[in-house]
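Below, chain A partners chain B and then partners chain C, in two separate complexes.
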Partner chain A sequence: MKELSLNILDIAENSVKAGATLTEICIEETPDLLTLTIRDNGCGMTEEVLRGVTDPFYTTRTTRKVGMGLPLLKLEAEQTGGSLTVTSRHEKEYPTDHGTTVCSVFHKNHIDFTPLGNVVPSITTLIQGHPDTDFLFTHIFPNYTVSLDTRELRTVLEDVPLGSYEVLKWIEEYLDEQYESGGKTV
Partner chain B sequence: MTVRELVEKAPFKAAVLPDPDREITGVYIGDLLSWVMGRASGGDAWITIMSNVNIVAVASLADTACVIEAEGVTPDEEILATASAKGVNILLAEGGAYETAIALSKLL
Partner chain C sequence: MKSLAELQAIKAKMKDKVILREGSGDIRVVVGMATCGIAAGARPVLNTLVEEVSAQSLTDKVTVSQTGCIGICQFEPVVEVFEAGKDKVTYVKMTPEKAKRVVEEHLKGGKIVNEFTLGGQNL
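The block that comes next holds the complex of A and B.
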């Protein structure tokens, strides 16, 4: 993919498909590293599925719901000298505490680093597509943090659906503002 | 022209040819796998410098006639084994993507 923000959309969609009620998307940046973690409380994967999840054939041929998302993200991380790890707790073994965590580390200064791009449209697209599940987004920079928690929005909005145009527009502006004012303090 | 005929006529070496009678109907050049996945057409000879096992999956999904590794790139054993198992032809070319495409253009 041309931008990591598109990968985020792809991986988070898997979380929603796995039945997650909360998907946490965390980007942490230092001058050299970008760590992208996507953690959900969905059904999780069995050890067998987990072993094959970064094998493009296992994923494209037998479990179509996973797709090429993880193999591509792994390639993008590794081509910067970084890594991708996936851990998962399947609902059968962990009935109350299940889910999947995808953690990828990128060396930002490597020439083959895929630029992050603008994350805001990815976040609003996710919320628009899945207004009934929750997302916690945090983007941590050395001196400021951008964040959005749809659980908090829901308590304020009460009956207004998160997927409505006005709310999505507000979310977009809210995130853009945080990026702008954070950027000024650098 | 089939992939086998291409190997006979062009300065390309066959790394694995599990499907030698596959007809080549076009050419695609690209290294960004997610891009290639959506753009390469069935029957294309796909020229790339990427050599990760994902190229076999992309070739298989896009149903390309063969992968041509340009610039002397040589895929490792794991890739070749997967390619043979999945019926993906892989050829090796010494020249860059441009020279490789010219050679194809003269033959196709």
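The block that comes next holds the complex of A and C.
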């Protein structure tokens, strides 16, 4: 992947496919580190499945036998000296509190660091594709935070779909403005 | 600064349109958004489709949606066009520029852009 923002889109897809009603995407940056956490309340995975997820020859897809999403992210993290950890609670074992968390840590100043790129189109693309599930996005910098909670938007919009073009455009501008002005005024 | 009040205004404006739109959507445009598609550049293709469909006022008859791996990863980004009573059209190796032409010529004008289809490629 050219940018980490594309990995975010790719990995968050898994959450939606796991039946998550809420997918949290959190990026936290310090001068040296970038930590990307994607947490969902989907069905979770059994221990056996969990062991295999970073193996490129494990996949849920039916069109071919390889799945590159998590292995790619793992490679991108590890090539900077960082790491990827996946934890999961399967719904069978944890009926009320299940889901998966993918946490990856990158050393930003390493020469093999994949640039983050623009996260905004990844967020709007996720919402466009899955307007009926919720996303909580936070991008934490040392001195400000950019955030978006679709649950908040939903209470305003009522039955107007989140995926409609006008709404997506608003979300895009809303996030762009936060990045430009150094975060939301709280 | 963008505010939730502005979103409120969008909602008020959209309300009637939403009711109008229900039950229509004759053309379905599907973009492959699995790892293979995303890595090949599907995100800007999808965004261009969404934007152009709206810019050309086609939202009443065209819906743009996402799917997983279509199975021809080497031809990604792949865009499929489904229209009732017609054969599926598969556009391959798409770019935002090609997507613009598909909206203009195919979705709006009704004429398939043969040079971008799977069958139209020199393989």
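Going forward, the second predicted complex is superposed on the first by the 174 of 186 C-alpha atoms of A that agree within 3 Å, B and C clash if a C-alpha of one lies under 4 Å from a C-alpha of the other, contacts with A are read in each partner's own complex, and residues count from 1 in each chain.
The definition used in the following text is that a contact is a pair of C-beta atoms (placed from the backbone, for glycine too) under 8 Å apart; a residue touches a chain by one contact, two chains touch by 3 or more.
The structure presented is a predicted model; accordingly, all values stated were derived computationally and were not measured.
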Partner chain(s) touched by A:141 [first = chain B, second = chain C, both, neither]: neither
Contacts of A:179 with chain B and chain C, given as first, second, both or neither: neither
Contacts of A:75 with chain B and chain C, given as first, second, both or neither: first
First (chain B), second (chain C), both or neither touched by A:160: second
Chain B versus chain C as contact partner of A:56, first or second or both or neither: first
Chain A: partner with more touched residues, chain B or chain C: C
Set of chain A residues, in rising order, touched by both chain B and chain C: 1-2, 6, 68, 72
For the chain A and chain C complex, residues of the former touching the latter: 1-2, 6, 9-10, 13, 17, 61, 63-64, 67-69, 72, 121-122, 124-125, 128-129, 152-153, 156-161, 164-168, 170, 173-174, 177, 181, 185
Parts of chain B lying in touch with chain A, wherever the complex brings them together: 32-35, 37, 52-54, 56-58, 60-61, 82, 86
Residues of chain C that touch chain A when the two form their complex: 1-2, 4, 6-8, 10-11, 13-15, 18, 33-36, 38-39, 43-44, 46-47, 50-51, 53-54, 59, 64-66, 68-71, 73
Interfacial residue positions of chain A with respect to chain B in the complex: 1-2, 6, 55-57, 60, 68, 71-72, 75
